[in-house]
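As written, the chains take the letters A, B, C and D, and residue 1 is the first residue of each chain.
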Amino acid sequence: MERRPLRLRKGLPMLDKLKQQVYDANMALERAGLVLLTWGNVSGRDPDSGLVAIKPSGVEYEQMTPAQMVVVDMEGKVVEGELKPSSDTPTHLELYRSFPGIGGVAHSHSTVATAWAQAGRSLPCYGTTHADQFRGPVPVTEEMSPEAVGGDYELETGKAIVRAFEDLDPAEIPAVLVAGHGPFTWGKTAAAATENSIVLEHVALIGLLTEGLSPEAQSIAAFLRDKHFFRKHGDGAYYGQSDS
Amino acid sequence: MERRPLRLRKGLPMLDKLKQQVYDANMALERAGLVLLTWGNVSGRDPDSGLVAIKPSGVEYEQMTPAQMVVVDMEGKVVEGELKPSSDTPTHLELYRSFPGIGGVAHSHSTVATAWAQAGRSLPCYGTTHADQFRGPVPVTEEMSPEAVGGDYELETGKAIVRAFEDLDPAEIPAVLVAGHGPFTWGKTAAAATENSIVLEHVALIGLLTEGLSPEAQSIAAFLRDKHFFRKHGDGAYYGQSDS
Amino acid sequence: MERRPLRLRKGLPMLDKLKQQVYDANMALERAGLVLLTWGNVSGRDPDSGLVAIKPSGVEYEQMTPAQMVVVDMEGKVVEGELKPSSDTPTHLELYRSFPGIGGVAHSHSTVATAWAQAGRSLPCYGTTHADQFRGPVPVTEEMSPEAVGGDYELETGKAIVRAFEDLDPAEIPAVLVAGHGPFTWGKTAAAATENSIVLEHVALIGLLTEGLSPEAQSIAAFLRDKHFFRKHGDGAYYGQSDS
Amino acid sequence: MERRPLRLRKGLPMLDKLKQQVYDANMALERAGLVLLTWGNVSGRDPDSGLVAIKPSGVEYEQMTPAQMVVVDMEGKVVEGELKPSSDTPTHLELYRSFPGIGGVAHSHSTVATAWAQAGRSLPCYGTTHADQFRGPVPVTEEMSPEAVGGDYELETGKAIVRAFEDLDPAEIPAVLVAGHGPFTWGKTAAAATENSIVLEHVALIGLLTEGLSPEAQSIAAFLRDKHFFRKHGDGAYYGQSDS
């Protein structure tokens, strides 16, 4: 008789709420039309335990349940769940380790953001829609070396993302284009990460059309960009209802 | 115990009908696919009282109710409603003040109209579909100055729109592209404003494709443009059923 | 008391079946995404009486009923129905008069076909999808003169279409692009006319993308075009199930 | 009294399961938006008997049933079913004969893949989304000669496809673009063939947009391409859940 490894550490919270949130954020990503087949994944991190819940690898959205979300620790070890976590888990973990304060990561091969990634181009801030969510261009990573691809590929993908943010604030630009691959986004929660993927795809499309209409299109002025970003973010934000 | 400010002036009509119409026009804008997340807003003006009902700021469409529409006076003071009005309210009010006879204003970041706005280009009248609704090019505003953006930004946005209509009739061209930002449209009612947003997005897309097929594409002749515009508008209109 | 004009000639068939077919074809056109607002219309002709049923002008699709279809004779006189017929009725009638054997006409402002019309370009036969339905390029009309537009405009539109087919067989190319305006299609029935509008929009899009991928794209060879056209049309057709 | 030909050989399995799978794969192709009207078809092959079930020719998807799938032998003779098989059946059979190990074939006129076919261009491997499914460019066939088109056209189409794979492995690149016509895909099952059509359409679109954003776009490096392909295929695959 085979013994199943112990998946549930004694005293560990079941993290049911996080798993539900991560499930919801994965389903929202799919509902938004950003996912082809099973090729997308969202994770969320529990701020207390530091554990991360993530979509299982290659499971159909229609059949997926909240209970199937896989919980891993920061070394990628499965601490709860019967299924294999997303193959992109090491990329997610590297972002949690390197970008303090984020609580969710999303990845998809959404059509237009992926086209920018394949073109090897960062996405300019062509308008206020972009600036509402991203305070400047969304950067593209450098191409990965044969050694990085041949090594711990998914971890190296995360490192390439982190390098692209050496001079950028991931809280102000919560998105990246991995060259030749596609977008990753993040946020304070799994839901926020998904929302950033949705906005990224939208502004990637508007940006592409903008260039089609005007090959000499320019980024908007920094003062207009910042006006919009800080209407929605930070202490001076006045968009939406106050939370209290 | 905190005292809530008196929101309902004595003797003021509840404006329930207007709030329902404004709610419906907001939902129609979202259903037409013109709204990203919560980033759109429609208002309507009561011709008797001069009061304006508008979408609350940042509220999810799925959870929104007619009762949540916020009623403001022409100075932007909330006279009915529990929520904050759209942050774009001062822009709407400036249009009501400056464009006599309009009873509805709509704003979105719809994909293709926003691309024209980001490209800083007015939308030429490339065909009869455009001319059915807009009697000539839909103008783009000038870029706003650092002072305007740093001042009363949303009011200044309205003023920039009004300046773009110095030599145009807002009743004949009920739409504008705010440079680097996106479209505003208006009409006799909130529903008409939404309809103009829908048509604008459609002709913005057809116009973009027209240029792709023929970089030398020309606007249609003025006699054909006016034939179509006046088939549907004014005393000689013969499209549709007579209202009586 | 006002007397309503006699709309129903004695002994005239109610044409209920035709009205249902025309209603269905109009709804199919809208369901296919080819119609903006109320801006589309399909008609069908009863081969026995020569009467034509057509969509009423400017009526919302959601509220439309089969009984509202308007029946006109070949001079455009309403012989059955309470509403005004489509303002494009004279165009439809000119096509019935000039193209023998057709029993349905459809008109829309579908996005991509309209872009070709606005670009003033005929649609080349770039592939077998096009050739399955249209045996050669879909022609664009000449631009209409000020006199034609200022005169009986909708009738003149029909005449411009007919002139574009002087050297073409409308049974083999059941579609046209009216310059600066949009597509008209036809067929043996109202349903066939709608189907041709659907195929036209599809091949208009594929054709546009083909040129984007290869500015030197060529029409397919005549022998391949005819192979596909005659797989589906004429005595040698072998696509589909035999009708018997 | 007319005698119906014997359609069911004695002792032959009813192949109900295969017909259901082929029906499902056809419906999935349509649901994915890849099919215009009735212009798509998927087949599946029973590995034991070598018989092939395929969609009947020209039947509406809404009315189609699993029982209507037509079973043919490798010579194209109908061995079960009341309807005519797809007119493209000889193309499917040629692929089964020539590409060992495949169990499903799909064909559609999906918009963007067809545009690449009409442009006469193979689809470069511009990113990892492409490489996840196709290990290299998706080839385009040569144009067919007048003799091939005038002869056994659908069989010759299959032969043209096979010739395009003289130096390629159809198990690693399970897709082709037939010049001037459209895509065919295949896989171990009918469902896999449909999935490859879905991915092909997606990467065809991303590829087209990539070129729009960067006319000098390059294929990704072979080491990155192979990393992604073999993450999902072959003995070293680690994407998804293990089947055991």
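As a working rule, contacts are C-beta pairs under 8 Å (C-beta built on N, C-alpha and C of every residue); 3 or more make two chains touch, one makes a residue touch a chain.
If you're wondering where the values come from, they're calculated on a predicted model, not measured in any experiment.
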Name the chain whose C-alpha centroid is most distant from the C-alpha centroid of subunit A.
C
Please tell me the distance, in whole Å, between the geometric centres of subunit A and subunit C computed from their C-alpha atoms.
48
Could you tell me the distance, in whole angstrom, between the mean C-alpha positions of subunit A and subunit D?
34
Listed in rising order, subunit C residues that touch 2 or more other chains are 212
Pairs of chains that touch, anyone?
A-B, A-D, B-C, C-D
The residues of subunit C that touch subunit B in their complex are 36-39, 56-59, 83-84, 87, 109, 111-112, 114-121, 143-144, 146, 149-150, 153, 180-182, 208, 211-212
Within the complex, which stretch of subunit D touches subunit A?
126-129, 132, 195, 198-199, 202, 205-207, 209-210, 212-214, 217, 220-221, 223-224, 227, 231, 238-242
